[in-house]
Structure formats: structure tokens, C-alpha cells
Amino acid sequence: MSTRTRIETFRHTLYQTIYQANTPAGKSFDIALMILILISVLTIILDSVADISRRYGEQLATAEWVFTTLFTVEYILRIFCIHRPIKYIISFYGLIDLLAIVPSYLGIFISDSHYLQVIRILRVLRIFRVLKLVRFINQSNLLINALMASRLKITIFMFTISTLVVIFGSAMYLIEGPEHGFANIPVSIYWAVVTLTTVGFGDITPQTDLGRAISAVVMISGYAIIAVPTGIFTAELSQEMKRQNTGVDERVCSKCRKIGHEMEANYCRICGTELPRLAGKKSG
Amino acid sequence: MSTRTRIETFRHTLYQTIYQANTPAGKSFDIALMILILISVLTIILDSVADISRRYGEQLATAEWVFTTLFTVEYILRIFCIHRPIKYIISFYGLIDLLAIVPSYLGIFISDSHYLQVIRILRVLRIFRVLKLVRFINQSNLLINALMASRLKITIFMFTISTLVVIFGSAMYLIEGPEHGFANIPVSIYWAVVTLTTVGFGDITPQTDLGRAISAVVMISGYAIIAVPTGIFTAELSQEMKRQNTGVDERVCSKCRKIGHEMEANYCRICGTELPRLAGKKSG
Amino acid sequence: MSTRTRIETFRHTLYQTIYQANTPAGKSFDIALMILILISVLTIILDSVADISRRYGEQLATAEWVFTTLFTVEYILRIFCIHRPIKYIISFYGLIDLLAIVPSYLGIFISDSHYLQVIRILRVLRIFRVLKLVRFINQSNLLINALMASRLKITIFMFTISTLVVIFGSAMYLIEGPEHGFANIPVSIYWAVVTLTTVGFGDITPQTDLGRAISAVVMISGYAIIAVPTGIFTAELSQEMKRQNTGVDERVCSKCRKIGHEMEANYCRICGTELPRLAGKKSG
Amino acid sequence: MSTRTRIETFRHTLYQTIYQANTPAGKSFDIALMILILISVLTIILDSVADISRRYGEQLATAEWVFTTLFTVEYILRIFCIHRPIKYIISFYGLIDLLAIVPSYLGIFISDSHYLQVIRILRVLRIFRVLKLVRFINQSNLLINALMASRLKITIFMFTISTLVVIFGSAMYLIEGPEHGFANIPVSIYWAVVTLTTVGFGDITPQTDLGRAISAVVMISGYAIIAVPTGIFTAELSQEMKRQNTGVDERVCSKCRKIGHEMEANYCRICGTELPRLAGKKSG
């Protein structure tokens, strides 16, 4: 075996381990990566706590460099073993992978690491790579398909919400005014969002009778309107699941006239007579 | 071509551009209008912020006049090119279109522009014109049909909510009383709405043990009752989506006057009379 | 016509007017009653506002006596014209009808009308009589059937919620303790209800790190668990609606072999052939 | 009858009474146990209230010892009458049963009963034993099956929520900073959970314009995202209910080993082989 072939074989094995999850090595790699990501995110989170940062600052910085090194090696290997590196680099996950390592190196030159710290936390998005595990893929495709199918309806819903929030916010600004915390229309719109979504911080609350009456309308609207996205998504998801599961076709048994046999059926389940073959059996 | 015909042709082209969205010009007009509406609403919102108003007040006023002029021209063109102008003027969107321009002109005569400002913001409703884009129409019809179908059920639900809120509010007024912020029954009902809808501002909270126990009941009720509008809307939307997929049309049987036959039907299912053929059978 | 027969006829007409809604007189009576109830409830609500009570106290008291008199007359007529008066008197609505008038009479003897006032407000429940209007009956039966069908599942859900609330409440009492507002287990359970139902008053909030971590668990639980009652009710309501609407049976057309005709169908909608009759047509 | 047989008979009767609910004695035992558990939990809850503890401390302590004794006797009987005591002892309910009595005995040796008190409250979990009542079993199986079926989807949802909360929390920490209460990333994540789940305590609220804008995004996300678990659970529950109604049983075809045939099936739908008859075909 030539050196070239050897390298190719190595690249291929590496590719399977890093990018796929159907080999044992691939699964182990995924789990190891997931743990690494979680610990590194935890490190960043803990580092933001003043007490911990003061006491364990050095250890955390060391850990961060260990993570950065590991992620850098991983990033280089990813580029090395993939067929079209450029396509990977400019893909969503490629950018996330880069974002996971760049801030640490930038930190050497930039003293105010405050912003870098938070950019570094975006590496938490890498966790979604684990969803490539086969049993997750089907399920997340199901969810994504349902969301895609309800795209237009959700857009209409968001339009409606935005309009309601602008109108209710402006009305409250007029009624309550700056003296009750509704300082200007943006703040009043913020209040309308807080109220319509049933969050209700209570940092700004209506004080006048009319304001409270309108608030009650906003709250009941928000309470009832939540039915809309829920209904949309539920209906689409039900359809999507049915589409995936379906298998009942409308063949009629020639002997007992039973109708409605499952896709996979070759024989009538009532009388055992052979059923007509389906023209093109659905594959999925 | 006579001048008259020319004007007619121009009116027709204008009509298609302004009122419809199936020509390229119509689509461009819609998008331009949408952007214009959004910017003009943004201008009003920003103008309410004291800091911005002080610094950029003049620019914002100029912008507002530009928008008003453009909307006025649009309004005149809309009246000019439509077949029955009066019907348009008194329609919902006709009034909204008028409301988008009138406040600015009134502002010349009235010094306190506070109210006018908020009325002006109602032009945000014009954004819904964009929903006439064909792919949105089907979807919003679906949502509107589902809401219409659940009209009666939602009314019953609202009756129940109102009754609960009145009873719980009065009970809390009795138990907690004015010394704990439940100043009178209207305020207590406001509190009950805040609590039942799970908004929970926290501006008024129960202090006594019994009051807290009843609050817990209100909260759990609100938490569980939300299932009702959600269930109603979801069930109706599922049905509506199924109806759209199966394709019930509104052909009338010439003999027994039965309405509502399935797309694929050639004969009335009640009396067996042949039905009129559909112009272009939907393919999907 | 003898006097006796006359009285009987009068009683019957009265009965139809008061208890039913399918005659014009019955409908008018219902609407008049509804308006009367709403105004009388509004009177009680307004009377609780100190300002209004001070200024319009006498007018409101007079109005209250007018309402009481009218409701008393109605109550007597209801007893007079019904077949079995005792059954009516001890029925739910009978008691509500009595409760609507008794407090005013008791108010003559009892000086502290505070409690009576709130009992009087229970007359708001009388509003549900209006739901006997025929188009509401079907819909509210649908909702009630769906709720009845999910009775057991909702009970299990409530058990789970109660258990969670007790355990989380106790845990928070241990972790946060009286110094952070978690004064004792009942108060902590109240906090757990406020948090799990996503109301979030903010009158009691966790201060410790562990307390906040557990709060996050409670909140996410509450956020996700709401899917359970919603799912239960939605699924039951869908089934109930299908049961009511259903009409597709599995008859096969003898000529074109089309299967799946609606219950009411007599002829195949594809080829117009007569279908076999159904044994016992469902009545609806 | 020998003594041995007598004991065996007694053990068997005891087993049926304690562990099953289909004899009258078994039902009575269950109800008595449920009441006992509820009262004992109530005792612990009341004991945590300073006022009540001071006044009725002794009575409550006595009551606690009565409950402990009863539960101890029950625990011994449970071990005595079951076939494989070890399996019971290390089962979930076995441990809960033990946990219901141990803290009281430990309380003799340990002076700080604070922790024991809260551990004792875990006996509230014993209440779920009552769900073994036959009509509850079906329903709770239905719910559990639906939850199991949505396991993977819920995991994906939880992943997404966690990621959102980490990213939004970190962003708010950067924008608002410690001076507005966002002291560090863990606290900011706590805020993000409070906001995304629409709880909204209001103990920490955004003060800057950008912070409020991002909060609005978080709130609307939380408001819309709730559709996801609801949709998942509703769709799965609908399917589960349909599955229970249609009646797929688990007969295995003797020839092709296909499992899962419909209730009404007499022949395997894959290979046409006759299936074993069902003992008692479900009628509905």
C-alpha cells in the first residue's frame, strides 16, 4: 500500500469518526466532544462569577487554553479530512467551530476580554452536532418539517402580535403617560410585550382605572392568543407524523370486500386472500 | 386610441398595481408600501422618546410630512382607480388609509398633538394589506376560518372566564380588603385577571393565608383552563386543514339542492343527479 | 274556557317564555334577563368603589332594590309556572336564583353588608342561563363532554401537580428559609404554585444560588407540563368533534368500487350508482 | 388445615388487601392509606408554621408518632406478605415507604430535625399508589405512553431551550451588566429562564433600551415556543388514544414472525397464515 493510499484510508477513517456516528469510534468521538463542550461552557459560566474568578481564575484560564487547543486540533482535523474544506469552513457549523477557538487567540491581543467571553459561549451551539445521532435525526426532522410547514402561518401570527403590541403600547402611553413609568412609546411597547406574553415582570404597571381595564384586555388577549401558535404547530405536527406513519391504503379484498389494508400487507387480514399488489410501494 | 380609452387603460393598470399583487409592478408596489409604513411607524415611535425628539425633532417632523404626502397621493390614486370609490372609502381599510393621513393635517390646527400621534400609529394596521400576497391569503383564510368556526366555543369560554374573574375578584376583596391593596371590586377583578391569565405583575399580592390559598386555586385554574382555547382552536384548525386537503367545493345539486360536494364527486351523493363539472379541478 | 283552563294556559305560556328560548317571547325574556343581570352586577361592582359609593350611594341602593324586586317577581313566577317547584328550588340554578335576592332582604336586619355584597355578586352565575340558546347548547355540550371524557386524566394531572408543589415547596423552605421570605412550608408551597403555573408574582423570590437553580427546574417543569392538560383536552375535544361530525362509513360502490361514502349518501358520488342502505342510520 | 397452610392463606389475603385493589378489603385499605398519607403530610406542613408549632407542637409530635407507627406496621406487613421481599425493598415504592418512617426514628438521635422534616414530606409520593385503582391505570398508562413516545422530541426541545437560555443569558449579562442586577452569567441564565418560561418574577429586569429589546425577543420566543412541547404531547396522545381505540394486539405470526396484528385480524397480513384466536375479543 502506497503512502498516498494510506493517507487516504486514514482520512476516510477520520472522516467517518468525526463527521458520522454509525461507527463505534464515531459514537465515542461524539460523546467525548459533547462532554468537552459542556465542561468548556461551564468553565466560561463559572468564570463570570466574581468569587470563583478571584479564587480559581488561573485554573480556569488554564482549562480554557486546554479546551482551545483541543478544539483547534479538532478544527484542523475537520478541515483535513473533509472532501471540500471551503464548503465546511463557510457552513453554519464551520463558523461556529471557528468561533469556538478564535476568541481565545484574540484575547492575547485584546485586553478587554468581556465581549470575547460571551462570544466564546456561542460554542454551546456545537452541542447540536450530537443530534446527528440517528435516532435523533428522524425526530428533529419531524419537528423541523412541522415548523417549516407552519412558517407562513407563524409569520402571519407574528405580524398580528407585533401590530397588537404597537397599538396597545401606544394606547397605554397615552393613558398612563410618563408619570406611571410608560416613559415613551418604545417602553410602552416593551410593557405590552411583557403583558401580552403573560410574562408580567411588574416593573411597569398601570395605575389608572382605564389603564387597568385595557391591561385586562391585553392579558386576556395574550392568554387566548397563545392558542394560535399552539394550534398551528400541533396541527402541522399531527399531519407530519401521520404522513410518516401512514401506511393504510384503500385496497379492497376481492373475497370479503374488506377495505383499508396497511401498505405492507400482502394478504387480507380477515379472510387471508391475496391482495392486489400496490403499483409503487411508498419507500418511507 | 382616444384619450378616454387611454385614461381607462391607465386606471386599469393602476388598479392592478395598487390593489392586486399578481403583476411584478403590483408586487413592487406592495413591498415599497410595506417599507414605507414600517419606517413611518418607526418615526412616530422614535418621536415619542424625549431625547430623540429634542435632538432630531425637526427631521422627524419633515419625514412625517413626506410620509403624509406620499400616503395622501396613494389615497387619491386608490379612489381614482377603483370602480366604486364610496365602497372603498367606507370599508375598513379605506378608513385606516384615511386615518393614516388625517391626523397630520389636523395637527396644523390642534396644538396638543399627543392624541393625534397615537391615532397616527394606527397606520400600522395597513401592514395587513401585504397579506393579500397569494401564498399568505390561503394561510390566513385557514386561520380565520378556524377562528370563525370556534367563535361560539370561544364566546362560552370568555363568559366562563369573566364569571370566574368576577367571583374570585369579589372573594379576594372580601378576604384581603383594601389594606392589602385590594381597594375595591374593580381592582380585585383586575388582580384576578392578572392572576388567572398567569401574567402575575406582583403589584397587588395576597398577604393572608386564606387569600394565598384561594390565589393558588385561581392560578391552578388559569394554568389548566388555558387548555380550553388551545384545544378549541387546535381541533378546529385540524378540521379546517383536513377540509382544505380533501377539497370540499360548493357546487349545488340541480335536483335536491344539496350543497357541499367533494372535489372528486361527479354525482350528487343524495339523489344521484350528475353535478356540474368543475372548471379546473385542483390537482393537489 | 273555564278559569282553571285559562290559568293553565297562562302558566304554560309563562313556562315557555321563562324556561325556554324557542319562542320570540322566550328569546326576548332571555335577553332582557341577561341585560338586567349584567347591570345589577355592575351596580354591585361600582358600589364597592369608595368614591362612587360616597357620591351615588343612594341611587345605587335604589337600583339594587329595583333589581331585587324584579328578581323576586321572576323567582315567584318561576315557582308558579313550573311543574315541580320543589325540584326547581333545590336545583343549582334554583339556589343561585334565590341567592340573587336573599342578601338584599337580609341586609335590612344585618348592619355589616360587606359579606352580603359579595354573596349578591354570585348572581353573575345566572348569566349561564343564556347558554340555553339552542346554538350555544350544542357547543357547550361538546366542551362539557370533552371535559368529562378527560376527567380521570385531569385528576391524575392534578395529583401530580399537587405532589410536585408540595415537594418543591418543602425543598425551597429548607434551602432558602424564613430569612428569604419562605417563612414556612405553606408559604413555600404557595410560592411553588406561583412559580410552577408561570404566574410569577415576584413577592417571594429565591436569593441563594441553589434556590435559583431549583427554581429554574420548577419553571421549566411548569412550562413543559402545561402541555399535559392542553394535550388531554385537545385530544378529547378532537375525538368528540369527530364523533359529532362523523359520517364517513365504509360502504363500497358496487359499480366503481369507490369506498368511503358519507353516512347520508344514497348514491356513489363518482359514478352515481345507488349504494346499499345502512342498517341503522346514526341519528346525529 | 395445618398452621403452615393457614399462614400461607393469611399471607395471600394480606397480599391481596395491601397490594391489589380488586377486593373490597383492598379498596378500603387503599382509601384508608390515602387518607392517612394526606393527614400525615398535612401535619408536617402545619408543623412548619411557627404559630401552630408553638401552640400545638406536642399534639403534632404525638400525631407524627402515631403515623410513624402505623406506617412501620404497614411496612413490616408489606415485607411479610410479598413473594420476593428484597425486590420490594429496593423498588422505587419500597424506598419511598422506608423514607416515610426512617426520619422519625433518626429524629431521636439527631437534634436538628429541619432536614428530616422535609425528607418526611416525601411520603406524599406514596399517594401515587392509589393510582393502581383499575380505572386510573388505563388512563395513566395512556399518559405515560404518550410521554414515553415523545421522549426524544422532548429531549431535543430541552436541548434547544437550554441553549437559548445560555446564549440569551450571556448576552444580557454583557448588555445590562452587574449594575442592573445581572451579576454574573449564572444569574443572567436564571433571569433568562424566568423570562423564557413566561414566569417573570420581576426581581431582575432589564433597564437599558437594548436589554429591553432583547427581552422582548426572549419573551416572544418563550410565548411561541410553548407550542412545541404542547404540540408534541398532543400529537402523541392523540395517536396513543387512537391506538387504544383501534386495538392493535401483540400476536405473533407463526410463519413469518410478524408482531402486531389488528384486533379483528384472523390472518397475517404479510404471509396469509392463520393467526391464533384471541381469548376474548374486545367488543368496543
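Think of it as A, B, C and D in the order they're written, each chain with its own count starting at 1.
One rule holds in what follows: a residue touches a chain if its C-beta (ideal position, glycine included) is under 8 Å from a C-beta of that chain, and two chains touch if they have at least 3 such contacts.
Not measured: the values here are computed from a predicted model.
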Self-contact between copies chain C and chain D, residue sets same or different by half: different
Most distant chain from chain D, judged by the mean position of its C-alpha atoms: B
Option in B-D, A-C or A-B whose residue-number contact pairs overlap A-D by over half: A-B
Rounded Å distance, chain A centre to chain C centre (Cα mean): 39
Centroid spacing, where centroids are CA-atom means, of chain B and chain C in whole angstrom: 28
Rounded Å distance between chain B and chain D, as computed from the means of their C-alpha atoms: 42
Chain C, residues touching no fewer than two other chains: 157, 186, 189, 198-202, 222, 226, 230, 232, 234, 238
Residues on chain C engaged by chain A in the complex (per definition of touch): 198-202, 230, 234, 250, 252, 257, 259-260
Chain D residues within the chain C interface of the complex: 41, 44-46, 48-50, 114-115, 117-118, 121-122, 124-125, 127-128, 131, 135-136, 139-140, 142-143, 146, 154, 157-158, 161, 186-187, 189-190, 193-194, 196-203, 222, 226, 229-230, 232-234, 236-238, 241
Parts of chain A lying in touch with chain B, wherever the complex brings them together: 152-153, 155-157, 159, 163, 166-167, 170-171, 173-174, 183-186, 189, 195, 198-202, 205, 209, 212-213, 215-216, 219-220, 222-224, 226-228, 230-232, 234-235, 238-239
